[in-house]
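The chains carry the letters A, B, C and D, assigned in the order they are written, with residues numbered from 1 in each.
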Amino acid sequence: MENRIRDSFARQSMMQTLGAEITQVSDGEVIITAPILPGSRQQHGVAHAALTFAIGDTAAGYAALTKMPDDQEVMTAEIKINLLSPAMGDQLRATGKVIKSGRRLVVVSAEVHAITGNTEKLVAILQGTMVPIAL
Amino acid sequence: MENRIRDSFARQSMMQTLGAEITQVSDGEVIITAPILPGSRQQHGVAHAALTFAIGDTAAGYAALTKMPDDQEVMTAEIKINLLSPAMGDQLRATGKVIKSGRRLVVVSAEVHAITGNTEKLVAILQGTMVPIAL
Amino acid sequence: MENRIRDSFARQSMMQTLGAEITQVSDGEVIITAPILPGSRQQHGVAHAALTFAIGDTAAGYAALTKMPDDQEVMTAEIKINLLSPAMGDQLRATGKVIKSGRRLVVVSAEVHAITGNTEKLVAILQGTMVPIAL
Amino acid sequence: MENRIRDSFARQSMMQTLGAEITQVSDGEVIITAPILPGSRQQHGVAHAALTFAIGDTAAGYAALTKMPDDQEVMTAEIKINLLSPAMGDQLRATGKVIKSGRRLVVVSAEVHAITGNTEKLVAILQGTMVPIAL
């Protein structure tokens, strides 16, 4: 499963553009980290909400994929993000989790932390729905 | 107001990374377009949800900014995206609108269309909340 | 279709508790109205958010049902509500609409207006996902 | 604080209509339970989504209120609900929690479980934003 997710992730050119990496894959949980690149910022120099969203949504999607059989993958049907604090620091870390895995829908959540040295701060939470699709 | 928005947009390095441009600014409505760059894709080669989100959220945010006095700007408090169809085509166009502008919160929406030649298709809708903040 | 919707609605005891009525059914759009009963209020005497939600969600769901074949109905998978203003007046009116009807998911929206005499005010907007299920 | 919340709750006539009760109040967390009354159902006899929403939203709102000074209360700005399973059982229990309490916004979540005898099942999750307002 981890290989399958890493292969899929490697084909997501957006993840490379953002410098994102898969840090951990386990059953129902995937962690993705990304630096706050010079090209990933909003007008005040902190991470753009789109970076936070990108890794949160992607971590949640791959968490859902850990629950799928080999002949299915998932697509985001919808996802909501609440931004709690400006995302600044050395890097962002998104932890995606499966809340409920069904045959037709997988409900997921994600938390995104900003990490600076040894400290971390919760900067966003996401809640969404992934849809299994046949390959 | 249009100058103010274009200045702010120019400082958003993420928008440059994604190749996004402001196409139109009017009272309560902002349109942003972006090509689907080779570096903005998901694993099947269509636009990554983060691109769709990025321009939808940003268009909605600047639509809110058109309602703000000069000493305030806005931040996204939360936004939800429903993805309707795979985002493929020549480019994406996000139209952000103000639904309700209050002193403390601005409720916004956005539609994102994929454009191919003369045809366009609605690929995502967003609904969210922007918060005015003092500069 | 209208009969089918009215039959289903009549079996929703919550709609009767809230005094809600179906006002209009057309292809992809359903309107539901409800008084703000003495038993439907929050602590300041205006309509409880649950009333606004109840008719918004139900109108959106039946709008989706207008797109379904006879052997399917729909369930709410998820829905988000932004509350714009306190819901006070003679009655509330929810207009549910289909944004995108797919085989697996139906994306919907709803607007809820508070009506007082001849005036009306938009008090809430909803955006959600309905799932077709076999009867 | 618990008295303040119970007083406010007692003035919410919708909570009485639905038979809801506050079960527990602690710092940043409030639990509300409700039976699935004959008048709180959808067309198949299980709890209407509006009941699940009502107690989830209200529990989240009062959780936010535990963080407010005496001269402020809160209103729901927006909230999203994902419905995971049909809500059937003896009663529903909503646990509302504060995720981030700010001066201008309080981000909250809630889980709703259906309880039957000694078993419980997660039937919905909510994520939303409360706004402090001066009394």
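Here is the rule we use: contacts are C-beta pairs under 8 Å (C-beta built on N, C-alpha and C of every residue); 3 or more make two chains touch, one makes a residue touch a chain.
Note that the structure is a prediction, hence the values are computed from the model and not measured.
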item: Between the pairs C-D and B-D, the one where more C-beta pairs touch; value: C-D
item: Separation of chain B from chain D, taking each centre as the mean of its C-alpha atoms, in whole Å; value: 33
item: Chain A and chain D, separation of their C-alpha mean positions in angstrom; value: 28
item: Whole-Å gap between the CA centroids of chain C and chain D; value: 20
item: Set of chain D residues in contact with two or more other chains; value: 77-78, 80, 82, 107, 129
item: Arrangement of touching chains [line / ring / star / complete / other]; value: complete
item: Residue ranges of chain D touching chain B (in the complex, touch as defined); value: 77-78, 80, 104-105, 107, 129, 131
item: Interfacial residue positions of chain A with respect to chain D in the complex; value: 80, 82, 84-85, 99-100, 102, 107, 109, 122, 125, 127-129
item: Complex interface listing, chain D residues touching chain C; value: 8-9, 11-14, 16-18, 38-44, 48-51, 53-54, 57-58, 75-83
